[in-house]
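Below is one structure. I have some questions about it.
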């Protein structure tokens, strides 16, 4: 750990789940939204919320909804919306319900049990449970709470288990969900509120000196160009010669349709950069620098750039679309950008200095301990926001946290954190011992496990199988 | 950790991934094979191997195969058989190839790359990759190696990428796989080699004093009865009054068809204990003590026993069929029996006392370190067996280990380890900090996180949403 | 047959596949496009072709395409586009290839064999084979031929089996197909060219006197209103009091998403007729006359109108979406509108008067007969158009014809043909004898089969089963 | 039709749905059961029924069932068993219910409506509706009726909608179905009762002189050999030299797993004729005469025999497994053996000579006609058996009949009927006119349509597309 000690501020540090040797990385890939382009928060979510809300009213939702405004302290990323009952759920990796709200009301244990016998949901039922996994989902998350809050209290509507009734109309939670999703698709990519980040050009230049660099974004060409021009093009009054945003990348791919991109993918086309339209036909040639492509797949990218999956470090913000899929389907090295980590670190640090004893273990008064634990957890959770931490509920890790731990090799507040490390840095994961190993080790001494993060296939001898006599196949037909 | 210090021998200890409070457990469920009934190893696998081998020869495989005998030091549980190329693979949780053998030959890095570009397999392709997950698969694992070894060297056969050719016959790896699977199904449940375990009756009696107990096995009634009579019925010369094996359980269910049992399940029938045959029709009544049932589902079990999923601790040996499914589909508490853990603990302890410095960090000579690491890993792996540890390859955890960590709340060498703990014991998982939390914590001090393993839904207040003015729905139709 | 003799012009006759007793019909349902609203042909298709063609050029297809103009004598409805090889196929109900063109070139037998071994396609492969089943598909059909014609001859492009290559771009037949489909979706509902049909209001009024009437269209509200206003609203100068188009129907449903409508369907919503927008929420009340609904399903329609499936005669033009699905999923009576039937009848009549002997049967010179047959077929086919008849290729019926025979109870050139029959008319299908029945009957005399088109469940006695002694279940437990 | 006039007895005639020119057939394929091997009926079904019945009793069904004996006049092939409600249904091709029995009780119209709203079932729901399509299903069909009959009347059991209840046991119709299916699989291939048919050897010899001959049966080798030895091997006292049954075929394939055989198929293996066991490995060589193969697929057969699908006439008795699939997936010519046709022809002939006027058309008294029609239908139906004809219910064709018409090119009582025709015979289907064609034709004169049963792709010219000016692609890049 002391390797990183000198890296200074913990907010600029890269955290390590699996070892990654930058010396072996030949190619860096980037998502755009929330990775290179950071939206101003909460202004951005607030704007998004208002546009969604207004859209709903414009298609017939009650005008009283206009009085709701965005409260950034309410939603946490990674919540699950139950389209059957309209609840927002915070769950752990197995589907155990940690927190449950209906509108803005927290449900108590027995209420949760009525909705979810065993306080448990089958996460695989994706028809019913929708995971609000990205930062783009934050405004939407808050809107679900507002809708349920409004209709529940509105005297014009009767409350039913699956929604609300007013005369002949039945507003099911399912149809509200569908309306919000439709409104989301309607709004997508229509508003901009991006931070200027002066160090991004420098960052990409540094990387491009030692490796190939590509961009793979689900956005379309026009939006991508607008954002990256803002972030990367030299200002008109700069002394440096004007440099196109495209020159920062060896390859730019838009319309990637991740996560489809990491599987079968789509047809690869060229973008006509004069018109922003796609060239007809499928692109089949070699890589043209300065050309922008549309669609394709991760396999095509590897071919065009002539790199293998394990030589790519892919940096993105979407735990499912960017990280899980690139890791699971392609074996890429992954770097997750988690902007909320800044807040998580702040609260954690504060709490670390406050907390004292607890841990305890005086079995004689377990009731007292439990009650104390609840209080601490409650306080800590509220430190993060009304739905608590992105990553934990007390000692229990959220679904988001468990996916981060499994699929992201590295993670940090920002991709710029990579600037703190030399280009051949070896990020070494601490060896997390299994419980039985810890037990043994604590009995003996610290056991440094060999780190095999690279080049791990080593044996080449043949074991002699155990046979009675000599197994010899005879030439005679058996 | 000191709670367990007094528990004596580490081989009888229960290891903890997630906290479990035995005080909240109202029901214990058991698988039978390799859980209550422990087969004599390696005699059992050796016998199984010979029966499989003989069966193949009887359906036309070359008689030279008869010279192979079982070598218990070769196979490790959890290996993956590639039905396309005939290789046995040890992989990590993402599908990275750690070790690869073709017959008894270890493949080198470049050879592995030719078979598996990026040294990576897509585990989801279950048509192609078969995970040898259970202890029943050990004989089979060794047989695949023998078959490939034999045909590769036999001069009557020509080697092809997908198999071997002899005249007009093509022996594909796929068809050999199918033949072995068929032979497995042919042999299933036809041979017995079970340890007498005198403490099992005591163990079940102790549990039954404090909780309900059920058995759920995929075996049929006759086999189940034979095994459990052997294990549980009082010997004829015993002074204790003769007690039926069935009296140890509140509920016995055979033919469970796990993992189907944890989902939709099948029809629940009664077993006619005179004939061992199923009663016709579906059983719809209440629980009859002393009755044996066939089929059904985990939901039906909860109804019959009147317990909720979280009140059940299910003890089994099958990481997929028993543990993963009961956890993922039903939210049960899970206890994995890992007989190999005895060996893993022995090797780990030995190595702990041998190892010295290494790990180190003298970045100036990374080549030297790498080479040293390889040697250590190699030595350690061979300590476990020819395919290495069930759980690790150096610092990398295997697929099996990662599933154990995710889905088994508790694990131990044997279910009897539970005897070491009082019936209200709280198994407390150590708080595994996330990397960024460790980083903060190491800067400050140790942070005991609240443990919320039970009863964790706590809030009941309502958050006031942020509105402009007061959101009030009017009675007038909008 | 004489019942219909007085019905005059054969072009206004209703043809009968299965008997339908109008006396039992309590509800008539109508599709809109090509059923109530008849588009001016070929002006409409020609306009559609030009818009599609221009759209392709606007997204980058070569400007030379602009020289193609629509030729209504080329496309026949029901052709199959092979997205792999770019061919248009006319096939029979089993998938035997009857005619095959590549661009505008007819392929010979041996060429067809190279593309389609056995001159046969597996129609179920809907990923590859796209059936151009509706009149809306005619412009598209012609465009596929134009595209293949152009690229094949254009010297800038090289011909490959799966498409055309120009530099780094590969124009696959598949991607051309996708581009045309996208262009189709882009254009849908943007152009109008509907015939005024003065008798439609009268027709609907007549029906409404004796039965319920509903409209179920996939078009949206605004388009539907525009069309039906034009067709049904009384002209301003008319003496009759102004009557809304909506008053002609008991129920109007737009956005039906047939064929989904005939299965699970979608949420039923009310249309706000002031704005044309959907009311939020699901409609759950009773039928409101004059209200327009969106979505829903055929089951909901039956509930709202209180009719059973067999009491509905559904009139539509889409063999798959309207007729096959309503018949197969719901058991509705079906009436297919086939505008091309006017042309088919004309050619058939012409040929009937021309043809003479043939049929023949002089087995001694089968070669001569075959050659003559080919000539006749060829001539007849061209009488229908360049791809021949919608329904036949010589003695072989097309896929379209066989579906028409199976799923449409009645069919006619126009829905107005129903005006020729009294509202209680019994359409009696001739009894089509099976080959073995014909053989017997020709030996004896004409056998009039009982017609059971309605109310056919007749028996109510119980057959005594054959038992040995008396089967009596005893009260004693077995 | 006069071509066949001289063919004598109608029971030996081949009936024609689609034209087939034997002169183009290069290969004849045969199923074995009920095609070459004819079982003694009803002895065979009776034996089967008793074994099934006894098996059920042996697994716990009430012994009173033993009193039921087989009544061959009850079951008709092609009935549908509703596993939800235990009814036997006779349906038409769309799923309209024609006859419905519950046990041995015919249900009246209103009762049918309660079970099946709209008197209609969705045939595609194969989870629920099981089609009893083969002659092997006859005993089973009768058994379902017996079971429902027994439990309905037995005072020990209460009647429920989905089955019967007795104490804690619920006998659902679904579980009875499963028990019978299991019993069927248990019995399969264990009993023999085959007619000696002296003309079969002659028949196969004749065919083998002019074409290739293969056998493709789902039975295993031992059963196949037993049956075919009995049918084909020269009797020991015959003067002709002893000839093996295998010499009658160019290729014998057992274990075909039709209908899978007509799709992806399975591994092709050789049978070791000494042991009856399969050789290991996949067979990859050329055809060896006298060798018996196992598994494989229709594609492999075409390769081994070097024929194309359209050159094969496949003769079988299973409308789905043999005929529909070979036609739909492979485009083979098909010949369906329908033993019941002998009875159908007999009844039809009898009725033809009895019937007089009816059909009629005196619209003034439709009630009288309907009532008369019902009586006639009822009488005719009972002439066929208690569930009526295999093919019709009055004027309505059954599902079986409609599949026979669509998928069988030819059909007959026995495959031996082919002996009546020369090996180059052209079976010419009468041209079945479509209703609108009949209408025109009856106005003019008889129109002999060109028969294109073979070699029908004829055109090779190119149509000039309609263009404005000349479509010329320019060499310059567009």
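In this document, chain identifiers A, B, C and D correspond to the written order of the chains, with residue numbering beginning at 1 in each.
One rule holds in what follows: a contact is a pair of C-beta atoms (placed from the backbone, for glycine too) under 8 Å apart; a residue touches a chain by one contact, two chains touch by 3 or more.
None of these values were measured; they are calculated from a predicted model.
Among the other chains, the CA centroid farthest from that of subunit B is the one of C.
As a whole-number value, the distance joining the C-alpha centres of subunit B and subunit C reads 57 Å. Between subunit C and subunit D the centroid-to-centroid distance comes to 30 Å (mean Cα coordinates, whole Å). Centroids of subunit A and subunit C (each the mean of its C-alpha atoms) stand 48 Å apart.
Pairs of chains that satisfy the touch definition comprise A-B, A-C, B-D, C-D. Chain contact summary for the complex, subunit D toward subunit B: residues 56, 59-61, 163, 165-172, 175, 178-179, 267, 270, 272, 277-286, 288.
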